[in-house]
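Alright, structures below, take your time with them.
Next come two complexes, and both contain subunit A; in the first it sits with subunit B, in the second with subunit C.
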Partner chain A sequence: MSRKKITYTVPRMGYTYAAFESFFKILGYDVIIPEPTNTETIKEGVSNSPEYMCFPFKILLGQFERVLEKNPDRYFKVVSLESYGPCRFGYYSPLYYKILRDKGFTNFEIVNIEGIYPPLYKGIPRFFKKLIKLTGWHAPWTIVKAFVIAGWKVYALEQLEKKLYYLIPREKVTGSTEKIFNAAVERIRNAPNKVKSIKKILNEELEKMEKNPHVERDDLPKIGLVGEAYILMDYSNNLDIEKKLAYMGVDVDRSLRVTNWSLDRIIKVKSHKAHMLEVNKGYLDFFIGGDGQESIMNTILYKKAGYDGVIQAQPFGCLPETAAKEILTKVSEDYDIPVLSLAFDEQTGEAGFVTRLEAFVDMIKSRRQMKKEEKKESVTVEG
Partner chain B sequence: MSKRVALGIDIGSVTTKVVFIDENDEIVEGLYIRTKGNPIDTIKAGMIEAYNVISSKYGDIEVIAVGTTGSGRQLAGVVVGADIIKNEISAHAYAAIHEVPDVSTIFEIGGQDSKIIFIRNGAVTDFAMNTVCAAGTGSFLDHQAERIGIGIEQFGEYALRATNPVRIAGRCTVFAESDMIHKQQMGATPEDIIAGLAESLVRNYLNNLARGKELLPKFVFQGGVSENIGIVKAFENAVGAEVIVPKNNKLMGAWGVAMLAKREIEITGQRTNFKGFKVTELEHKTRVFYCDGCANNCEVYEVIENGETIAYWGDRCGKWSNRLTSKVRRTERADRREEISEK
Partner chain C sequence: MKIGIPRALYFYVYYPMWYGFFSSLGHEIRLSIPTNKEIINLGVSHSVDDICISVKVFHGHVKYLLNKKDLDFVFVPRIASEEKYKYTCPKLAALPDLMKSAFVNDADRILTATFYTRQGDKLIIDAFEEIGRKLGDTEERVKKAAKVGIKYQDLATKALRSGHTFLEVVKYIKNLEELIKKPVEKKRYTVALAGFPYDVYDTFTNGDVISKLEDSGVGIVTTDMLDPKVYRHYSKYMIKDLFWYQANAAAKGGMYYIDSSDIDGIISISSFNCGISSIYQKLLDLYSKEIGKPVMHIIVDEQTGDAGLATRIEAFIDLIRVKRGDGLVSQENNLHGTEDGVHVRSV
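Here is the complex of A and B:
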């Protein structure tokens, strides 16, 4: 099969799909990005997956199905992220393969990428084998170049996103920053494949956003988001929780991003291990799959960074997150930080969801007020 | 001089509560009606009814502030012109703290959701809401009352008369119902079954919402289900302390939001956005459509008042909802208010 004929499709992860797209384009393939999660893809995914399956699985199945359906004359490599471990996340790709085959699609194969797992003498060759299966044979420098460019694009998009959520609660004209941001994402997506030009565009756009009239303030309540990676990272799955919180006037931060996720999970950096020590000691000392341990770790880190509250976003019925949720009750007590758990499923009705968010923000504001008053009192007593 | 009142509307899943409060935050008139399928018509009917009662008592009234809460708060807010649209947790907590200042734990069970609110030193410090299942909420009790064939109002008395409550699974409505039917076919009396149901509901509530958290007195129990003496008793047995049911137990949400709206107006010093009682004579329509502007395919909701769109929501990008920014809306409302009053 010649190189040009294969088309790739990858899961959408928030805005970072632009980076994955350029990764495969540099290798010389066509890429089709699935549409964001919407009523159609959910309907498709839910009706074809086992009822007890994780919600991210259903979403992705629906998205892939729509891509295959719309392009019957192409041959696809469907990229699926996967973990090697105890939860259902480890069985995604065989199940996709079976279900899509049963539906009568033949124009695809499924490739996946996963981290390096111990023992290393087995894990490293396994990782490279998977990588070659994913990308096909290429000159090493092409692959390195693709990684570098994609990495830079992911980094640029995440910087823009951070800036956006920083500016929304501070902007003077509601919605003005978002407009600049949307244009910036398009520019990064279409940026030429050179590190220099990506850097240049990023700096220009950040400056443009910075110049948008806003009021600097540092007294906003701060909320951190933890939870399952795919629900958390893709705005179309979590009903835009970050933007909603930002528009409610909250400084919001997401614990999982593509960059730190891959550094922590695929490359396994040292700082991650150090942070994990505390989790291991008191709460959960083994890997339960998914992002269960990370949720606990990040809640503790948020408390240490001075955040006022944490929201845990989980797909309904997710094994690791359900376990983490119970442990978080204890963490919340020990570290005195409120934690709100939100389960996401196929419902798009936002009433209950917004109610919980609003009430949580109200509560955090009143807690801040109480703390301030306590401080004042203690100061006057001392004085 | 006309009587100055503030209006609070709580549009729940099953019932709608309309409350008028006077300047001392006391309830002048409160109504509790079923929402049925159409919240807008229910609100209008409730407002007219309450207005008639009050005006016959006090003559002319002037509404100085309006607040809405409950799951239909947004819709009600744009229809009547609310000054404050508040989530029901804050509204319920505000009213409970007003009524019982040293409350520490609030149980609230409504039609479709149940919540527990923790209060320390007069401020909400934590809360939990039932997640996905409606087991142990008002609508399930309602349904069971209908199935057994007794009025929901008598449910509590039945439970109190029980001598030997049977055990009923409380985690899932499907399990609960099949358990109830099984025990009924085995010969258990309705009294024992109902008492068992109350116990299982409370057990499920505490397991589900209060898990691992410290329950401190005083306890306040409010929401529609608090009418049920059987469940109040079951709560008292479970927590081992007195559970206070405030006198306006069913109206707490609407009362709280009315007080919050009044406070808001006092702080900001603005005039109310309330469109006047003439709003009940206007025609309101709602429309749902799928926006095809991008691949998101959002479900967009449109509220139309006398042929003119007054609100959009549901779009992710703001393409529709930004068309009517809040500022424009406010001036429009002021104009419309004049128009209506001229008529």
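Here is the complex of A and C:
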């Protein structure tokens, strides 16, 4: 049986695109990764999608369109991740298909991965049908191997990223850690397809980053990031908010990562939901899809973990996040934690964005100072 | 007890049911006034800025009712699902939570229950029992009242299916049987309005599209007049069903009207920053491109001016007339004496 030469293209998710790439490479396909979000892809996406559609949809449409345009002689399988739920995230692929066909592209088909949704007797066969459509016919062990390698690469990249944002505010020479990190991402990307070698590279690179001269300190202000998954996870969509905060001297933590996001949604669904309902009691006791509930939950958890502030990043007009935003104002008052809501759309300018971040960070720093002084005073009064 | 019902969002779908329930329990129902500038201002000042205008208007209605101190409760139901395996928009599913965080001081006066409709009567009765417990009525009476409510809803659905708008249903709520028997006048032109009931029927927010059309001699039909059975086959065109009952009704109903020969054109009405309508509008656009029937989108926000809208509707009516071969509006037929024959109301 001769296989039709198929090229895959997948959405970028921050640095983890390297893992998705290796998944399909192990299965023996070509992969073309779309370029990071830039003005050109945004322009392309915005001009073809409905006006009030989510921003992630527009970004992805633009990216896919550029890929299809540049490679007219290849046949593409466009991978689209979806959920079945009350938010618009579940209706991406039919619209991609219709809009791209309307634009005159014929060299593609769309494969979507979505969870098993009710009714079960229809949902389970549909899930496996889609899985086979996604990967093609392969020996099961090849697929498992590809999956494990991809999972390990995602894990490795996230560890490196965590280390990077931890070290940036502490490094002695500004920008030195980032250089090491960039080389490390490249090494992980091209790592041989063995768990052992990925582990080895990860440990080596982490050590290298650790050896980079830096000052250990634990008095940095801490900010947590919550919000919509795709905006949060891809650095090119959120204008590198994490790196910017890190360079401003802030300990930054992102609540949603590819690993915990997919674990919570695929394997630990039940316990995750129960946990969420428990934390959100009195604020939002109902499933509203997207990452709206997670935003509220993580804000509360950040406060409990001693963070000084939370930034909610959302695409403009995102249905669950707008609902969450209104409730977050109450959470912010009740728990005494500052929350900054940033809406991203095609108009977002970098300068205004940086100013808002700086103002927020300044506010948090002065709040910390005030609290410290209050503590000192109370101590002296007691003493 | 006195219960306030905000005249917004799902009021335009389930009012008969709530009317039947509360009135047969002997509670007094107080509706908020139809949307006006004051209500919109109230709503805008009490909600976050990037939420859709329909929800902002709802904030306004709730605040208006909460300001009336003699009301015991304001009814803010959570419509969780309107069909099996279908949901409502996340903002609407979180509606009671939004209201409670927007009006913290009056949170106890907000009466809420979670409704799952069109999935059998049992789930509806469960929701009503939840309300009955809060109001302190006996279980037996609540059950009876819930059945009355469901009966009212069925009658209202019948009235809608026979071609009456929901505004008439609200007017004739006490004798719906009479409304069902009342014949609907057939006009030379018919325009279909596709959209969520709360966008189509909120006459202030959408600039009174219905009266503007009716005054210029155009009959209207809406997508909630259709039985879901008639447009079921469009899910094949849409590849995957939408997850929201109302959006499905608007999209598939719109497509059904695009296909039917006695409809001259489709106007879709939605509110600014409504995410769901952006999907069905694109689908209607693509479908009308294949069939060749005029589709116009009206997107309303809190700043909609009446004159601009009137011009667009005039142009649309002209387009329909030309397509039928009747030419533009002539001066003899011009009943209203305005330049284009469209009656312009002062606001």
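By definition in this document, the second predicted complex is superposed on the first by the 359 of 383 C-alpha atoms of A that agree within 3 Å, B and C clash if a C-alpha of one lies under 4 Å from a C-alpha of the other, contacts with A are read in each partner's own complex, and residues count from 1 in each chain.
Note that in this section contacts are C-beta pairs under 8 Å (C-beta built on N, C-alpha and C of every residue); 3 or more make two chains touch, one makes a residue touch a chain.
Just so you know, these numbers come straight off a predicted model, no measurement behind them.
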> If you count the residues of subunit A that each partner touches, which comes out higher, subunit B or subunit C?
Replying inline: C
> Now for A:K330: first (subunit B), second (subunit C), both, or neither, which partner does it touch?
Replying inline: both
> Should A:R356 be classified as contacting the first partner (subunit B), the second (subunit C), both, or neither?
Replying inline: first
> Touching A:S236 in the superposition: subunit B (first), subunit C (second), both, neither?
Replying inline: first
>> With both complexes overlaid on chain A, does A:A343 touch subunit B (first), subunit C (second), both or neither?
In response: both
> Between subunit B (first) and subunit C (second), which does A:S366 come into contact with in this model arrangement: first, second, both, or neither?
Replying inline: first
> So, A:P94: does it touch subunit B (first), subunit C (second), both, or neither?
Replying inline: second
>> Just checking: does A:E35 make contact with subunit B only, subunit C only, both, or neither of them? Give me first, second, both or neither.
In response: first
> So, A:F316: does it touch subunit B (first), subunit C (second), both, or neither?
Replying inline: both
> Which residues would you name on subunit A as touching subunit B in one complex and subunit C in the other?
Replying inline: 316, 326, 329-330, 343
> Which bits of subunit B are touching subunit A when the two form their complex?
Replying inline: 71-72, 86-90, 113, 121, 123-127, 129, 131-132, 211-213, 290, 295-299, 314, 316, 318, 322, 325
> Mind pulling up the subunit C residues that touch subunit A in the complex?
Replying inline: 47-48, 50-51, 78, 80, 85, 87-91, 93-94, 97-98, 101-102, 104, 114, 238-240, 242-244, 272-279, 281-283, 286, 289
>> For the complex, give me every residue of subunit A touching subunit B.
In response: 35-36, 38-40, 174-175, 178, 236, 240, 316, 326, 329-330, 333, 338, 341, 343, 345, 348, 350-352, 354-356, 358-360, 362-363, 366-367, 369-370
>> Looking at the complex, which residues from subunit A come into contact with subunit C?
In response: 49-54, 84-88, 90-91, 93-95, 97-99, 102, 117-119, 283-290, 292, 316-320, 322-323, 325-327, 329-330, 343
